[in-house]
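One chain, chain A, appears in both complexes that follow, with chain B as partner in the first and chain C in the second.
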Partner chain A sequence: MPSPSPTAEAARVASRRRLLPRPPVTVLLVPGLAVMLFAFCYPVVTTLAWPPDGDPATVARETGSLLTDPYLLPVIARTVRVSVLTTALCLAMGFPVAYLISRAPGAWPGRLLALAIFPLLLNTVVRTYGWIVVLGGNGLISKVSEALGLGRVQLLYTETAIVLGLVQLFLPLMILSTYSSLSQQDHRLEDAARGLGASPGRAFRDVVFPLALPGVLVGCTLVFAGAVTAFTTPQLLGGPRERLLSTLLYSRVNVSLDWPSASAIALVMTVLVLVASALSNRLGKIGSTTS
Partner chain B sequence: MTSVVETAVEAPVVELDRVSHRFGARGGKGGTTAVADLDLAVRRGEFTTLLGPSGCGKTTTLRMIAGFLQPTSGRILLEGADATRTPPEKRNIGMVFQSYALFPHMTLRDNVGYGLRTRKVASAEVKRRAGEALELVGLAHLADRKPAELSGGQQQRVALARAVAIRPSVLLLDEPLSNLDAQLRVQMRRELLRVQRETGLTAVLVTHDQDEALELSDTMVILNNGHLEQQGAPRDVFPRPANRFVAEFLGYDNFPEVPGHGPVTVRPEHVRLLSGGAREDTGETGLDGTVGEVTFQGSNCLVEAVIDGAEGPGAVLRALHPADDLRPGDPVRIALPHRHLVELPAHGAPAHEATAHEVAG
Partner chain C sequence: MSRPAHPRPRPRRLTAALAGALALTAVTASCAPVRGDDPDTLVVSTFAFATEEFTQVVAEPFEAETGIEVVLDTGTNAGRLTKLRINAQTPDTDVVLISDYYAQIGKDMGLFSPVDREDVPNLDAVQPWAVDPDGYGPAYTFQLLGLLYRTDLVEEAPDSWDDLWAKPEDGYVLPDISVSAGPMFVLAAGEHFGSGPSDPDAGFDAMAGIGPDALQFYTGSTELTSLLERGEIAMAPGLDNFAMGSVEADQPIGFAVPDQGRVMTANTVQVVDGAPNPAGALAFADFLLRPEIQEGMAEALYDKPVALGADPTPLMEQVSRDAASDPIANGYHQGDLELIADERSAWLDRFTEEVAR
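Here is the complex of A and B:
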């Protein structure tokens, strides 16, 4: 059998190509978009606007009363306070760790990073129960305080306990985000600044931190959003007294079965996260244009 | 000659006094030795290069002068004062990095002005001097751009301007041209020399490129395994390498065994290959050989000639032959002009010690 000539072969390939045009690359977006649409957008819109036994009007009414309710306003304030504090503490503790990891020699950055994010592999409930053991009335801190003659301390079911738990929960996330920015930096930049007369502190302020800002902002947004929406930790460490929006939302759905009110709470939480995200975007833009 | 006397009296801008650096050393013991007992003096206005293969300790030495690394032992003096423990920001050095290390979030003007701002120079003055420094490297028109918008060669100029702008006591250059392509590198070499001459700055350059060192240096310092192998003006060092390492590094390819001589070396361009029964002149040693490999290089041919009856690495001589008239297997007469034979110390001699004393004298 004669083998087809090269030109005939080329023509055949070309005609096949014409019959079956190559799909545009954007087709690759379809599966992801479909999942987002049916498993995210639809339930979110439903939850926020059309809850069971409610419609957008009732949700709006509930939101209005939520924002004026003297019992609920402190919950919003506490949620914001706990989330901001958690973010600030994670940044204060995570950034130096990420910095040192990014400057470690040889194979150490990889090893240290694995160690830093190891807690992410443990279940949240397990990690949170660890704090109950430490913070409770019969816990380690209380016993030490009693032995020192300072009396028992009950840290469990306080706002402090929630912040501690959340910081521990989200610290790896902050380390990871800031590390990604810091590790991309040319280490010589810091040397260059020092050589040009900058003290270590000034080199950090002028060069290291501004260049790490994208990672810092991503870390802060992630931690803030995580803290606003976290449920297990505030539920276990805050108890029924120190309510956050997330735990209140849970009780509205499962205890009082007040769906429109729950929708209103969810709406407030969503707005909080969106505001934080917008703020971070804004800061990122300022950071990249000034200096 | 009075100026020579004066410069000899003035303290060197940079002085290394038996400086050693060992990586991973604890309490001055153990670790890997990167620099061993190095003495060095850089005089004002001079261009000094630290030359050697990778791992020879040249960059470690530069980073110690800059203050980014501490010597394990020995002293570093800047402008005659002990600066061994002085942090880099207090040394008044202008460093140019191999990676340029320009601040990506700052404009060129802010990059170049940074060292002036840390010195609390008034902002109008910063702007003026940053502009001047950019002018010096021909980039004043791009002052408001960010580094990412520039080519590699332009970034290198900005890095140079930034180091020069602070009027440093010494300009430290860490392989600044090695990231540029060959043509641009030669061009930037001239540019570097021009800027150094115009500013009158003292410069220390680290390089592994012998051509760069030969062209730029007032003094070249050749390092190997953390030891000083030879030091001197290119005009003195190049024709008279002190030992086999320096010779090989400077492109002396041939280490023939010549009757009546100890260890010698000769450059390929000085080996004459004679054919058709021609004999060597007086003042030359002649050896019978056979042509091996011939590589055509345009205006010359690189010819390998094997000395008849000889064995080992000394049996092959590489010659830069000006005509393309030799073919493998041709008999050839190898002529070695005595005035181009460089005597080397006998094998196994600790060369760096001998040269260190020679240089001191």
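Here is the complex of A and C:
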């Protein structure tokens, strides 16, 4: 029996391939979704709604009292204030850095980016203890202030200390996120705007920033979520006097073993992060339709 | 006979099924089985610090003597208690080393078993206060609340809680209510300024007077010693154990026993109710009370002994003086543990609202 020619064989294989059912792409999502469901969604929902010694009704009651307690409302307000400030400062400092890195020539972007994210390689506790040494009453800032005749200053255990610590913690995230958008921009668009008579400020406002908005929004969401849920830095730099929701949650679990109340606090934190995420999505849509 | 529309799915399904089975096998194989009766292993839930030293002076000698493999599960008092509470129906832990007031909470939750003196013969040779009045696991060490201070920043060594209430010029911190020293400090202030150690109202009123001027409310022993060693503060209420390392390292730090309001806390060893290895748990509790093991823990972990045949180290006697060997004779007491356990939520709120302002 004569063997089929190579061309005929190739055509037959190609024809068979066309006949075979192609696995839907969604199948690729299954492993990741399974991990999300069993290792994230299930434990989170269980912890939020069915804590030890509690049920959804108890958690709802605790959430209600949390939102009306005159001593706890300032804690929520402080958490939002610290997180918003941290996000704004990270954006104000991170965007110019990311812009300069994205415009650097040759191999410099890689080197500068490595330098910018280097702090991420250090343990949070180590980084935070650095601030304790700098901000304490016997710290560097206080000694400089004393040498200048301004007296000792105690910045440690204040809201300012928490914000400083969180900004240092999350600045690399903001730089990375904004850099990812800025590096994909065609730099000639900015040059074209300038060539058409736009001032540097206007070129930035109307061209660079709108095009970088997706990365900026991702960065803002990540930093805000991180600041709301951060524990080590607020605990070490703020302490019990400057309580945030995360440190309050720790107290509920570790002191009073009041799990329903801890679940209520976690629920409020989750809602804050989801609201920020929704707001970010909304701004992203508005940005994409107006640009 | 009609042919199936797609001739090749079967091998693919087979491959997928095999892969799934393989993954399931891998996951199942990596899961530890639920412990039933398990006389060869002892899961010990203990504190997260100095675990290497604990292994050397306690776990390894116990393993060598009994042939039972010791597995350590470490964490905070509250974290470990939460884990026990969640696994109460099928406990996987045998024995728990835990602070006295968390032990009280555990007892109230029904997580621990009473111990029979016959199963723990060394109970006959410990300081009487270390034996639990309700028959649960005994205390195996204790810490004294007093005043830690910078010897070079105070003119005279403090000898009363009044020295703290005089608000030292070089600053002071107070314990947060979340650390062991926090509730003890409430009791001590109540005893010193009120009608006695069961007068928390007087304690909170007094603490409200010095809370606003405190530099901070510390949440860990290392935080306190770090503040003292850096000279950020001159004085703080704290446990004598916190001072041991600094004094040993010749730091200018001392520990003062107050003239009144002497409260101590103890670490206890508890047998878990329904433990997979109850005999091993009881043997471990007894082992922990042996004089030679107690002295080993004193050297390695700064744990002051409760066994009558064990002596505190010279460092302990230097820091805590006579109270290191006999706290009760020196006026120390544990306070009302049931009061602390019952009022823990209310005290947290009161501390936040009245003291940590």
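As a working rule, the second predicted complex is superposed on the first by the 265 of 291 C-alpha atoms of A that agree within 3 Å, B and C clash if a C-alpha of one lies under 4 Å from a C-alpha of the other, contacts with A are read in each partner's own complex, and residues count from 1 in each chain.
By our rule, a residue touches a chain if its C-beta (ideal position, glycine included) is under 8 Å from a C-beta of that chain, and two chains touch if they have at least 3 such contacts.
Please read all numbers here as calculations on a predicted model, not as lab measurements.
Once both complexes are superposed on chain A, the partners chain B and chain C fit side by side without clashing.
Judged by the touch definition given at the top, the superposed model places A:119 against neither chain B nor chain C. Vertex at chain A: the C-alpha centres of chain B and chain C lie 150° apart in angle, rounded to steps of 10. Once the two complexes are laid over each other on the shared chain, residue contacts for A:284 go to neither chain B nor chain C. Comparing chain B with chain C, the partner in contact with more residues of chain A is C.
With both structures placed on the common chain, the touch criterion links A:251 to chain C but leaves chain B unconnected.
After superposing the two complexes on chain A, the closest approach between C-alpha atoms of chain B and chain C comes to 40 Å.
Partner chain C is touched in their complex by these residues of chain A: 19-21, 52-53, 71, 132-133, 136-138, 154, 156-157, 235-236, 239-241, 243, 250-259, 261. Residues 66-68, 87-95, 97, 99, 101-106, 110, 114-115, 118-119, 162-163, 166, 172 of chain B touch chain A in their complex. Only residues 186, 188-189, 191-199, 202, 206-207, 210-211, 288, 291 of chain A touch chain B when the two sit together in their complex.
The touching residues of chain C, when paired with chain A in their complex, are 6, 8-9, 76-79, 81-82, 85-86, 105, 171, 176-178, 182, 215-219, 223, 226, 230-232, 344-345, 347-349, 351-353, 356-357.
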